[in-house]
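In the two complexes that follow, chain A is the common piece, with chain B as its partner first and chain C second.
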Partner chain A sequence: MILPGFAYARPKTVRTAIALHNGSQGQAVYLAGGTDLVPRLKYRLVNPTVVIDLKGIQTLTSIIPGRRFLKIGANVTLHDLKNHPAVRENYPALYQSLDATSCETLQMRGTIAGNVLQNTRCLFYNKPDEWRKAKGYCLKMGGPACNAVKGAKMCFANYAGDNAPALITLNAEVKLSGIDGERQMPLEAIFSGKSDLPYTIKPGEILTHILIPGGKTKGDYLKLRVRGSIDYPLVGAAVSLVNERGRVAVGAVGSKPLCFDFDASEAGWVDRIAREVSDAVRPVANTVLSPAYRKKMAGTLVKRIARKLAEENR
Partner chain B sequence: MKKMTVNFMVNGESVSVEVKPYETLLETLREQLHLTGAKEACGTGACGSCTVILNSIPVRSCLVLTPEVDGMEVTTIEGLKVDGKLHPLQETFMEKGAIQCGFCTSGMILTAKALLDRQKKPSKEQIIRTVSSNTCRCTGYKKIIEAVTAASRKTERE
Partner chain C sequence: MENHKIVGKGVVRSDYLAKVTGEAQFTADIKLPGMLVGKVLRSPHAHARILNIDGSRALRVPGVKAVINGFDGFGIKWGVFRYTQDHAMVPTDKVRYVGEDVAAVAAVDEETALEALDLIHVEYEPLPAVFDPVAAMAPGAPQIHDGYPGNINVHVHIDVGDVEAAFREAYIVRKDTFKAAGEAYAMMEPYAVVAHYSNGFLDLWMPNAGPHVRAKALANLLKMPLNKVRVRHIYSGGAFGGRSEVSPGDFVTALLSIKSGRPVKLVLSREENAISTRQTHDMIAAIKTGVKRDGTVLAKEFEVIYDGGAYSSTGPIAASIPYYVYEEAYRFPNVKYDGYRVYTNKGIRGMYGCHGRAFLAGNEVQLDMIAQDLGIDPVDIRMKNGLTVGEKTATKSWITSGNLAEPIGKAAEKAGWREKRGKLPRNKGIGMGCVAMMTGFPMGFRSGSSCSVKLNDDGHVTVITGIVDNGQGNESMAVQIASEVLGVPLGDINLINADTEITNLDPGAYSQAATYVGGNAVKRACDDARRQILSIASEKLQEPVESLDLRDRMVVSLQDTGKKMPISWIAREAFFRAKPITGVGSYIPKIDFDREWVSKPFGQMAGTYSFGASVAEVEVDGETGKVTMPRFVTAHDCGKAINPMAVEGQMEGSVQQAGVATLTEENLWNEGFLLNPDLLEYKVPLACDMPEIETVIVESHDPEGPFGAKEGGLTVRMNAHSAVACAVSDAVGVPFSELPLTPDRVLTMLEREKEGGTK
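Moving on, here comes the complex of A and B:
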C-alpha cells in the first residue's frame, strides 16, 4: 500500500516540534511509533503535508520513578514500560493492559503516548479510501450520515486504546506542551466525548509525559477480542484498587473510556459494580461482535476482575 | 516532494539512498536495494510478513518510513547467512518442515531471531508469544514452534 505524499521532519526538541507544527497551518501530524498513524495515512484517513517525527526528542524517552509520581516519557515503548519493575510491582492493571496490547513486535515499536492518543475506530471507518468512497463518506470523514447506525447524526466510533482505561483507574495525569506553554491535567480530561474529534488537545500540543501516582495498587485488565494474538479490544475493562477505594474504566464501547468509582468495603460491591457497568455502557453495531454481547461482556469482564480482587482482599 | 538522502547499514554494509520522504523501509529494501526477502502482505502492520530487525528490535518495515532509519542498522533475511553458512533458525525451519508456502517465513525467522538474540533459552510460552506476532496461514504454528525451540538449543550449544 502506497503512502500519500508528505514532507518529513525530525526535530530534536519539543519546542522545535511545536514550532514546525505551528508553521504548517494545521496540516502537520506527529509521528511516534507509527503503528496507528501509518495505517491511517495509507487508508487516507489523515492527509498531512508534513509528518513530524518525535522520536528524535531524547527528553521523552525515559521512565523516572519519583517520590510522588512515576514519570513516563511519551516515547517510551509499550514493551519497555511493561518490563519496568515499578509497573510490574505497583500497577498490575497497567501491566496487564500493556501485555494485552496488540502483539509483542508492535509493543516494541508503539509508544505509550501514541497508544493513549490513538484515533477512534469503527468497522465502517478504518477501511481503504476506495471502500469508504463506494459506501459514501461517514460523519467522521465529513460525510452526511453515520454508516454504522442508520439515520444517526452523531459519530459512534470507539476509543479502542488498551492502556488509557488502566491508566485512568490509576488516576494518571498527563503533561501537555503547546504554543501557550505547559499544562497538566487528569488523563480522562483529554477526552472530548465526541467520537469524530475525540480529544480536547489543542492543535500542535504534544503529550510529553504521563504521571502515575506512586504506591502499590491491586488490579487487572481484561479484554474481549476475536484473536488472542493481536486485535484491538471490543470491550476492555480495567479495575484498580488502592486500599478499599476502587476505580473501573471501560474502553472500546464509545468515544472515551467510561469511569466508575466504588467502595470495596461495602457488602455486595462485586455484583453491584458489574451491574452498574453493564447497565451504563451503550455499544452500537460498529464492531465484529454484536452490541448486546459487548454490553453483557462489559459487566462480565468487570465481575471477573472484581471477584479476583475480592478473593485477594479476603 | 523533494527527495532525501538517507544513510544506514543493511546487513553490515553501509548504504546511501535517495528516497521520497513518504517511502516505507519495505519499499526501499525491495525496490531500491533489491532485497526481496521481506514481503508485503497486509501493508498495515497486522501480519508481520515484512518484519526486519532494526537496531536489534523486530519491526514491521511497512510501517517504518525510510527517513526514520537514518543512522540505524537493518538486518534482513538476506543478512543471516554468514560465510556461506545458514543461521540455525534457517536450518531448523527446513529440518522441521516449518515452511509451507514460505511467504511468512522471512518475517517469522527474523522475529524469532530477535527473540533468541535477547533471550538465549526462551520458554515454550515465550516462543509462542513471540511467533504469534506473525501470521502464518499454512502451518498451524506447531512446526514453527518446534523449529524455534530446536534453534535455541543449537545456539545454546555453540
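Moving on, here comes the complex of A and C:
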C-alpha cells in the first residue's frame, strides 16, 4: 500500500511550523514519530497536501526537571521518557503505561506528544479506503451514520492512547503554541468528548510540552489486550495516588479518558471506585473483544490496582 | 540401517544463507524490463449480479496498458474436482463475496494503476446475501450457486458399523457441540504474482505449494497447452495450505500480461491477502461418543458444518480431513460422519495446516470429560483407543508403521503428566491433544513424484525435482538425501526444482508428500546414479560393487581402504562411454486410487501415517479470563528425522500457529466484511506469548518412507489446538464450547463453572 502524494517540510522551529500550517488552507498535518499518522495516510484516513515534520525542532527534545513540574518536550520518545529516572521514581502509573505502549521498537520511534494526540480508533474506521468505500463511509469519515453501532448518529471510536490516562491521573498539563500565542491547560481539557473530532486543539496549534507536577506518587497502569505486546488497549486503567487523594483515568472506551477522583481514606473505596468506573464506561462493539466484557474489565482492572495501592498504604 | 553419513544430522539448511542475507528472491522482488504494475478492482458487494463492466475510461488514462475483466477469459470455471468446478476466478455472472476480483488494470506505475481503477465503472444489482452456514441451509435462503439446494456445496457421508446399536450398548454416551472461528493463514509474504507472456509462452512466478497443479489449472483456464504455461521457481514466504490451488490473482495477472504484451507484477496488500486470497473454515461440530465402562470407544457420531465461503475450492477434502486425521489416530468400531460444507457470501476457503480445530479439540475435550466420569486418566483412555501398526482405520486404511501410544507416553513423561493432571491448583491446567496425519493422499496421477540426477564432469551433482519449498525445508531435505546416497557434501549439490518446464510432476507441498513422495523419488534417482557410478568403479578398481561405497567425493573400497577413486573420474569415464551418469527415480504412494472423497470414502487413504501427542500447560487469570501458557511439550513420530533441526523447527512453529493461536486467532466478520484483515487486529501470537517448548522426536522407521521418513510437523499443527483447549478446560473445570479461547470466552467458562462446574 503506497502513501498518497503530499509535500513534506521539516522546519527547525515551532514558529516556522505554525506558519507553514497557517499557509496550507487547513490541508496540513503535523508528523512526529509517525506511528499513528503513517498508517492513517496509507489508509487514506487523512489526505493532507502538506506533511510538516516536527522532529527537526530541537527545542522539543528534552526532559527538564523543574521546581514545580517535570517539563517534557513534545519530541521526547516514549522509550527515553520511560527510562528517565524521574519517571521511574515518581510516576509509576506513567512508567507502566509507557512500558505497555505497543512494543519497544515502536516506543523508540513514537513521541510522547504524538502518542497523546493520536486519533481515535475503531474496527470499522481503521481500514483501507476500498474497505470503507465498500462498507459505506461512517460518520467519522463524513458518512451519514456509524457503522459499528448501526444507524447511530454519533461516533464511538475509542481513544486508545496508553499514556494520556496515566498523565491525567498525575494532573499533567499541556502547553500549546499556535498562531494566537501560547496557552497552558490541564491535559484532559484537550479532549472534546467527540470521537469523530476528538480534540479541542485549534488548527495549527502544536502541543509543545507536557508538564507533570513534581513529587512522588503511587500508582499503576493495567492494560487489557489479547497479546503481550503491540496491541492497543481494549481497556486501559491508570490510577495515581498522592497521600490519600487519588485519581483514576480509564482509556480505550469512548472518545477520551474518563476521570474519577477518590479519597483513599474512606472505608470501602476500592470496591466503590471499581464499581463507579464499571458503571460509567459505555463500550460498544468496535474492538476485537465484546463490549460487555470490556465494561466488566474496566472495573476489574481498576479494582486490581486499587487493591494493590490499598495494601501498600496499609 | 542407522549407519547414515548425513541423514539424521541437524545440518544447516540449504536455503538459510540466501534467506538470512536477503539474497533470496521472492515474487515481489522480481524486476523484469518493461514490467507493469497490476491492481485489482474488488467487489463492494457480498452478493450482486454484474450488469455491466465498463473499463473504457480507465484504458484512456496515460500509462495504462491493459484493463481486463472476466469477459476477457474463456468462461471456464475451475475446481479441484470435476464436480466442484464453480470458480471462474474473475466472475462474469455475479459477485459472491466482498473483495472478489472483478476487473484489473496494468499500468506503468502504482499511482496510475490506482487512478485507473477508480475509473472502471461496474453496474451491480445487489442480491440478498447470507453469511452464516446454518442460515444458508435454511429454506428460503439466498442461493449462491445454481444447482446446490440449501447451499450445500459438499456432503461427505461415512457410515461404518452400527452406531445406534453401539450407543445402546455403551456405558456412557455424551454429546456436545463445539464451535470455532476461521483463521487467517497470515503468511508473512502477502500474495504476489509476476506473469510474463511473450511469443505464445506464459512464464509465471508466485508463492505456491505445487507448481505443476498450478500450471495445469492456469493452462485450463487460459486454454493453453501445458508446456506453454511455465510456473517457475521462486522463494515462498509461507503457505500453510493457503497456496495450494490456483488463485484469482494468477488468472488476473496472466490476462493482464497477455493483453498488454508486457510482464506484469501484482502484489497484494496485507488486507487484500486476507480478504481475497484464501481463508479457513469457520466450523460447528456436533460430537456424540459412546464408550464402554473401561473407556473403550464403541461409537462416534459426527455432524460437522463447515462455513465454505463463496466457492468449492478444496471442498470435499476440507469437509473430510478433520475426521480422517482423527480416525487415523483412534480405533472407532462404529462411526457415522456427516460433513456439510456450505456456501456463504464470504471469501474463498481452503485447506489449512491447522484445519478443523472445533472438531479435533472438541473430540479431545469430550474424551477428557468421559475419562473423568469413568475415573480414568486422559492419557490412559487415549492410549487404550490409539491405533497401532497392523491395524486398519474405520474406513479401511492400513497403519504401516508407528502407533499413537508411543508419542503419548513420551509427551506425558516429559511433561510430568502423572504428577500434574488432577493435582494442579485452581486455574492451572494441563491437557493433551492427539492426532495422526496421512502422508501422501490420493491426488490421482499427480500423487507421485519423479526426479532426475546428473553427475557433472567435476563430480558435482545436479538434482532436478518438482518438490517445492514453502519454508518447511523441503529443498534442503532433497539435497540432504542426495548427499547421503551419492557421498558428496551438501555444497556440491545444485537443486533445480519446482519449475514446470524442467521438472516432472510432483504433488507439491500438499498432503504431507514432500519427503515421503518427493524425497522417495530423489532417493531412487540417486540410487540409480549410484548404481551407474559403482558399476564403472567396480571395473576400474577391480572390486565387486557390494564392497564399494561412496563417501567424501570418492568411491572407496570397504575391504581395502587404499583402493579409491574420485567420483569426478567416474563421471568423465562415463562421458567417454557416451553414457553420462544420469539417474532417474519415481515414486507413487501405495494408495487406493478408487477411493473418492464423496462417492467412495473407503480404502487405503495414504502411504503412511505419522502420529503425535502434545501437552499444554496453562494458567488462567480468574478475574480476567486471560490465559498464559508457561510450557508446551510435543512428541511426534516423523518416521525418521532427515534433519532433526528442521523437524524441531516445524514442531515449534506448529505450537505457535495451532497451539498459542487457539488463545488468540479468529477472523471477525460483520455482514460479509472481514473486520480484521490486518496483522494489528488479527492476533498472530507474538514471541512474548510463546511458551517454553520441548520437542520429542519419535522415529518409527516407516518401511516405505525414504530412510524411514514420513512427514515433519503437521501432526503437531493438527493436535496443538486440542492440547491447549483441553488444558484450559482442565484449568477452569468445564469444557470449552467455542474457540479461540480469548479472555472474554474464558471468563464465560469461569462463570459457567461457578454455576455448577466440578473444579
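Here are a few things to note about the model shown:
The rule we apply is simple: the second predicted complex is superposed on the first by the 314 of 314 C-alpha atoms of A that agree within 3 Å, B and C clash if a C-alpha of one lies under 4 Å from a C-alpha of the other, contacts with A are read in each partner's own complex, and residues count from 1 in each chain.
Basically, a contact is a pair of C-beta atoms (placed from the backbone, for glycine too) under 8 Å apart; a residue touches a chain by one contact, two chains touch by 3 or more.
Everything numeric here is computed off the predicted structure, so don't read it as measured data.
Contacts of A:L123 after superposition: chain C is touched, whereas chain B is not reached. Once chain A of one complex is fitted onto chain A of the other, the partner contacts of A:W131 are limited to chain C, with no touch recorded for chain B. Looking at the shared chain after the overlay, A:T105 reaches chain B, while chain C stays out of its contact range. Once the two complexes are overlaid on the shared chain, A:V51 sits against chain B while remaining clear of chain C.
In the superposition on chain A, A:V242 makes contact with neither chain B nor chain C. Contact with neither chain B nor chain C is seen for A:A19 once the two complexes are overlaid on the shared chain. By the touch criterion defined above, A:S229 reaches both chain B and chain C.
When the two structures are aligned on the shared chain, A:M297 is found in touch with chain C, with no touch to chain B. Legend: residue contacts after superposition of the two complexes on their common chain; A:L3 is shown touching chain B, with no touch to chain C. The interface of chain A with chain B overlaps its interface with chain C at residues 1, 5, 228-230.
Of all residues in chain C, those touching chain A in their complex are 42-45, 98-99, 110-111, 114, 269-271, 275, 623-624, 664, 668, 670, 673, 675-677, 680-681, 683, 685-686, 688-689, 742-744, 747.
For chain B in complex with chain A, the touching residues are 1-2, 4, 20-24, 40, 43-46, 48, 51, 57-60, 62-65, 67-68, 111, 129-130, 132-134. Against chain C, the residues of chain A that register as touching in their complex are 1-2, 5, 123-124, 126-128, 130-131, 133-135, 147, 224, 226-232, 288-290, 292-293, 296-297, 300-301, 304.
Residue ranges on chain A touching chain B, taken from their complex, read 1, 3-8, 10, 31, 34-35, 38-39, 41-43, 51, 53, 55, 103-106, 108-109, 228-230.
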